[in-house]
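The first chain written gets the first letter, and so on, giving A, B, C and D; residue counts start at 1 in each chain.
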Amino acid sequence: MIATAQRSLGQRFLSGLATPSGAVFVLLVVLLIGVIAMNPNFAEPGQLVRFLSRTAPIAIAAIGQFFVIVSGEFDLSMGAVIATQVVIAGNVIGQDEAMILRGIALMLAVGVVVGVVNGLLTTVAKVPSFIATLGMMLALYGFVRFLTGGAATGNPVDSFREIGRGALFGVVPYPVLILLAVGLLAWLVMRAPFGQTLLAVGDNPVTARLAGTRLVLVKTSAFVLSSLAATVAGILLVGYAGVHPSVGQGYEFQAITAVVLGGAVLGGGRGWVLSAAAGAISLELLFTLLNIAGIDATWRPTVQGAIIIAAVALGAVAWRSARKPKPSRPAGATGPAGTASIPTTTTRSGER
Amino acid sequence: MMRKRRMGLTVAALAAATMLAACSTDGSVSPSATGDASAPPPAETQASGGEWFDQAVFDEQFEQRSATFEGDPETPWLQYIDGPMTDTAEWASDEPMRVCFANASISNPWRQTGFITMQQQLAALQESGVIESMEVRDAGDDDNTQIADIDFFIAQGDCDVYIISPNSTAALTPAVDRACETGKPVIVFDRGVDTDCATTFIHPIGGYAWGIDTAEFLIDNLEPGSNIVALRILPGVDVLEHRWAAAERLLTEAGMTVDDHFTGADPTEIKSIITDALSAGEVHGVWMDAGDGAVAAIEAFEDAGAELPVMTGEDEMSFLRAWDERGMTALAPVYSNFQWRTPLLAVEMIANGEPVPTEWVLPQEPIEEDERADALAANEGMPDGHYARFGGEDLPGFPEAWQDR
Amino acid sequence: MLRETRELLSSIGVPDLDPALPVRQLSVAEQQIVEIAKAVSLDAKVISMDEPTAALADHEVSLLYRIVEALTARGIAILYVSHRLREVFDLCSTITVLKDGRQVGTYPAAELDERGLVRLMVGRELSAFFPDRAADAAPGEVALALEGAGNGFVDDISLEVRAGEIVGLAGLQGAGRTELLSAIFGADPFTRGSMRVGGEALRPRSPRHGVRAGLALITEDRKGQGLSLSLTVAQNALGVVRAVFPGRTAAARTELPSTLEELALVARGLDQEVQFLSGGNQQKVVLARWLAVAPRVVLMDEPTRGIDVGAKYGVYEVMRRLTSAGVAILMASSELPEVLGMSDRVLVMRDGRLVGALPPSASEEDVLALAAGAEGAEAAA
Amino acid sequence: MSAVVGARPVRRRRLSTTAIVFIVLAAVLVLSAVLVTAAGKPFFTAGNLAAVLTLMSILGFVAIGQTLVIIAGSLDLSVPYVVSTASIIGAGVMAQGPAGIVPGVLAALAVSAGIGAVNGLIVTGLRVHGFIATLGVGLIISGWLGTSFQGSFGSAPPEFRVIGATLIAGVPLSTIIMLACAALAALLLHRTRLGHHLYAVGGSASVARLSGVRTKVPVVVAHALCSMLAGLAGLLLLARTSVGSPTIGSQGGYDLMSIAAVVLGGTLLAGGVGSVLGTIGGVAIFAVLDNVMSVLEVNPFLKDFIRGSVIVLAVALYAWRSVQRRPPRFRPGKEAAP
């Protein structure tokens, strides 16, 4: 009774591309071709790897944000967490190599604490996550700048910055490796019962609770994953660019945009985690394309805004058409399927 | 429904407006007194809405770079170019003054450094009994808040002297006018306003001078036709726009290829821009309108394995240090941070009844390679976001106040 | 506005509903009335009612009957969609049968009887409405026992359900059946009294606690509480296992196809989103969710609400299979034939309390009298 | 039926969320007065009250509009750019002198309403989530502003500036206009069909649709009104600053702050529940808080920390209270009432 006939890999691939989570990969390829067409140098492996290396922080941030979005919430505190971690790296680690491990431990601890607070505010105190994390964003920015007088003392020691700047055997940048590791981990997490439960929580928290889900634990974990991702992004950014109070600013919006571009639905329950990373990389490619195309710097936000709206609107259309149901037919039912109300049935039923 | 509503709102607004034009109000503003277009605005801000380049101001600042400054070069924050003076005898007083300071913000390292210097200067003047107190309102980079702050000071009626560091030029003009109308001395510094009612307007030579210094340096050190990437923080801020307006003019005239970008002062953005530029071709020169983030630009060259460019940054410590470590060909233009001392010293002069320059142009000398070592030595131990020409070495809190923010 | 509303409500025969109350605070029946009033207020010529009695108890259905009659008397045409055959015959003058999105036929009501109608709907003859009890059915150990249990919504509940037994829970809408089930399950925990599951004293504090204790709750609101609509059949069917016993996921996934086969689920595939399934198939996915954790006690709230006759029969078969495997079932239902046809014993609730127990041989009138608190009914119990 | 109705337990009236908002506001006011007085400074002075009210008025306009949009179940992140656009357009038209005031106001409001309508059409027609739609439209406008206007633009004649600087009995005119707009918005919400539809659509779009409400219209109108109110805020800023500025909207951070103020005022971010009066209370809480911190010369960075904490704490207070519960039939405790 259940149509269990396996579709071929190719069919599944094609129908996957027709969903927004798949379409983002098409967008990515198109943008990549565009960039290479305008600047053939970009196609060199070294260039590509360096590009991937610099998109690693935002891609990792998008992966973190994905967990929160898919559970039906927002994390606006991400940029502030990055800024906090950057300042901690500058002030705590400083020029003392011996402090690197302790510094990283402190950063991870801060990440966990921020995530736990965000999560508990959302789940236990029932503050909408948009507001809870907005408050966290203001509080963190304010508190860190208050403590440091607005500026860090300086960059941390070079060996720490190697994480975001160096490369394995001088060929593969560490950020790329870390991005791959985080991506793999995220993919595993989403396949695991936890990830699936997270999806269910985002789709319908009432159902999830009645299925025995610990909402507080699951959602809080999503927030912790998000701020840990921000922490990793912060560590990479310190290496990549150095300490500055404006590092991380606006990352929350970029990450959310990337996640949505990757086909996840605000409000939860839908999306694929690696598409979030692909969304982030697409966004960076778009900026690069605008840069190379020599579009007046002041016009860039306009192009960016138009493309985001267009992509998400097309994505919404894609969802609607991709999941249009075929009428379910009991085995043994005979007679002509499909009437005037569902005209596409017979012609399309073979595709899926 | 919607149309009715809109009309209603408009009608209400207009009715209220006409009614008020008729009835006298207790407001601190009357239309006639706001000096609408009556005061010739300083030329620096005439470019509003269009091209920022102004030949007259360019020429003036070009001259001022080599002008003779009155006063002791050891205390550049008290130097000025000879010109009209404001008589302050009417405000002379033996009583300690209550100062009201409407600050635009302390949202970037340059302003933070300056504000520390100012507070140290304040402590010194409180010690010597010139100033009783300084009430500070920080507008958080918002014109509207700063206008409210100034109006509050006026309404409070508790200030002997106003110090205003305007958030933006044109928008703050009416509020500064209102402060002037109180009859108390008004000191404006850093960014200007479109009125010359202030007792003194304190500022370094200006953005054009910065642009000229940096462009000349690049032209001297690069072949014509070189590729120069310009890294600018954001559009629309006059002191920054003037820097680029002058530099762009000179660089283009010299046959350089320039490509400008807005970075939001974010080093991540800076590094990406340079990396993209390097992937497209060679970059010979880098021009910046502010020095923080310069290190990210330099590292982008290193990471790409490219030759380091000829570069202009700022007297920010991170840039000076990076320049020193790498032995680059570079120049550190200065937007004299020590100007944050001058307003309080002006208060002292006003309290003494001494005349102050109506437009107090402070010296603004870039740090060249041979001065770099001295600048670094003098600022040993300062954080990266510190500015070498902060001019607070003789103040009591030195150096701890600047080191531990 | 309040006055107009009151007039409107009077015009459809419910003058005593307070128009100032937020709809959230109304009972489902009252909300239904507001819906109808809304349609009437728009001067509708045609009002379609999709399962208007699905959420109503029998007692309230008669009110709806009155309203429908009042409306038709005013010349309003009613398109009445229902799975409850009795209502269809009671109210309708013409009956149209749809099956799988196609119109099977339209007949004057007088020309059809229930049996004929079912044949048109199911496409074949149904031998009986309810599957027979297994012949050797002898109740086992006590699987669920309550002693003086209560919380804010139910009070002084004492009952026993044995392994292999189906206990029916009857009562009017608002009598507290749903509240009792969710209290047992731990969703709205008891605050007093004692509870035993499989002989062990245990009062679930949360649904999770309940699931771990071997309880399952099939809710009355399938779409709002039972399923994750935009997730797939497989994701839904494994939802409870993943949430509570993540270690058992792999095993559950292996068993899933055969479970769904047994339930006769009709779907395009395991990756179809459940929102596109019919009500009956959605209910089968709900059952699959809970079968995957092998519960000891299954709490069912309106298990056949809004599903067609064929699927209903399927649900009943699953219930029989479960009981013969030693599972205890406590089933709340507003459909008295179902309660009497499926249960080994029938408990009746009124105003949050249990007011009596009846054998399955009792008549619908007995149950109703007890549920409505008619004179002498308690004595009969 | 009477049995059903009669069986319902008595429903006690609880304090409305709006009442709590104003209780919080009163508490903040008292606490502020105490703190300021303890610091040896005056609080209830005419100048200070005028400052509080002025700060309120700009955010107030934006927040009223944001309330409409949030009640309709959307949200608007493009407001800062609409504010700037209105100030630029108003200043551009008014640069010709007093004759330009009326055309300037009309043009600015028309363009603002147009932007809002576009927002609404993207949300309803293209079914893009309000967050992304308005973020995108905001970016589009910001690019135009950044390219076309470098620095301030145009000017407002003195006759127009009077609006920004006049006090009537100690109350700034801008505040009075803002309160008038609030009253109009409240009328719209509670006394018109459109208002009821806004609540219906925000509460549940599908239910509203099945009830015969055209679900798209209220959302589009809410967005248009929200942008128009943002436009009014821009005009008011123009009256205060005398020049149009492409950055004046982003300077104030009106996007997130207005959303925070709306939620602080008891409106549900999910839509369907909320009131303009509550929003005014929320805006007032912010204004008083900001003012007190200014008077006490709190470190500017610490201000953000306090703002963030207060937002979260206040919203947590409502959320804790308004967890939806059916009234219990029995005493929920260990012992049931007989």
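Here is the rule we go by: a contact is a pair of C-beta atoms (placed from the backbone, for glycine too) under 8 Å apart; a residue touches a chain by one contact, two chains touch by 3 or more.
All values derive from a computational prediction rather than experimental measurement.
Looking at contact counts per chain pair, the maximum sits at B-D. Centroid distances from chain C, each centroid being the mean of CA atoms, peak for B. Here the spacing of chain B and chain C, counted between their Cα centres, is 73 Å.
Centres computed as Cα averages put chain B at a distance of 34 Å from chain D. Centroids built from CA atoms put chain B at 39 Å from chain A.
Mean C-alpha position of chain C lies 44 Å from that of chain D.
Among the residues of chain A, those touching two or more other chains are numbered 150, 298. The multi-chain contact residues of chain C, meaning those touching 2 or more other chains, do not exist; every residue touches at most one other chain. Among all residues of chain D, those that touch two or more other chains are 146, 303. Across the whole structure, chains are in contact as follows: A-B, A-C, A-D, B-D, C-D.
Residue ranges on chain D touching chain A, taken from their complex, read 122, 126-129, 131-133, 135-144, 146-147, 256, 259-260, 263, 269-270, 299, 301-309, 311-312, 315-316, 319-320, 323. Within the complex formed with chain C, the residues of chain A that make contact are 1-4, 192-194, 196-197, 199-200, 203-204, 206-214, 269-270, 323, 325-331, 333, 335, 337, 339, 341-342, 352. Interface residues of chain B, counted against chain D in their complex, comprise 1-2, 5-6, 8-10, 12-14, 16-17, 20-21, 25-29, 31-32, 34, 36-37, 45, 47-50, 52, 105-107, 135-138, 140-145, 147-149, 151-152, 154-157, 167-174, 235-238, 241. Considering their complex, residues 1-5, 7-8, 11, 211-212, 324, 326-336 of chain D touch chain C.
On the side of chain D, the complex with chain B involves touching residues 45-48, 50-51, 54-55, 58, 101-102, 105-106, 109, 113, 146, 149-155, 157-163, 165-168, 170, 173, 176-177, 180-181, 184, 188, 192, 194, 221, 224-225, 228, 232, 237, 240-243, 245-248, 251-253, 294, 297, 300, 303.
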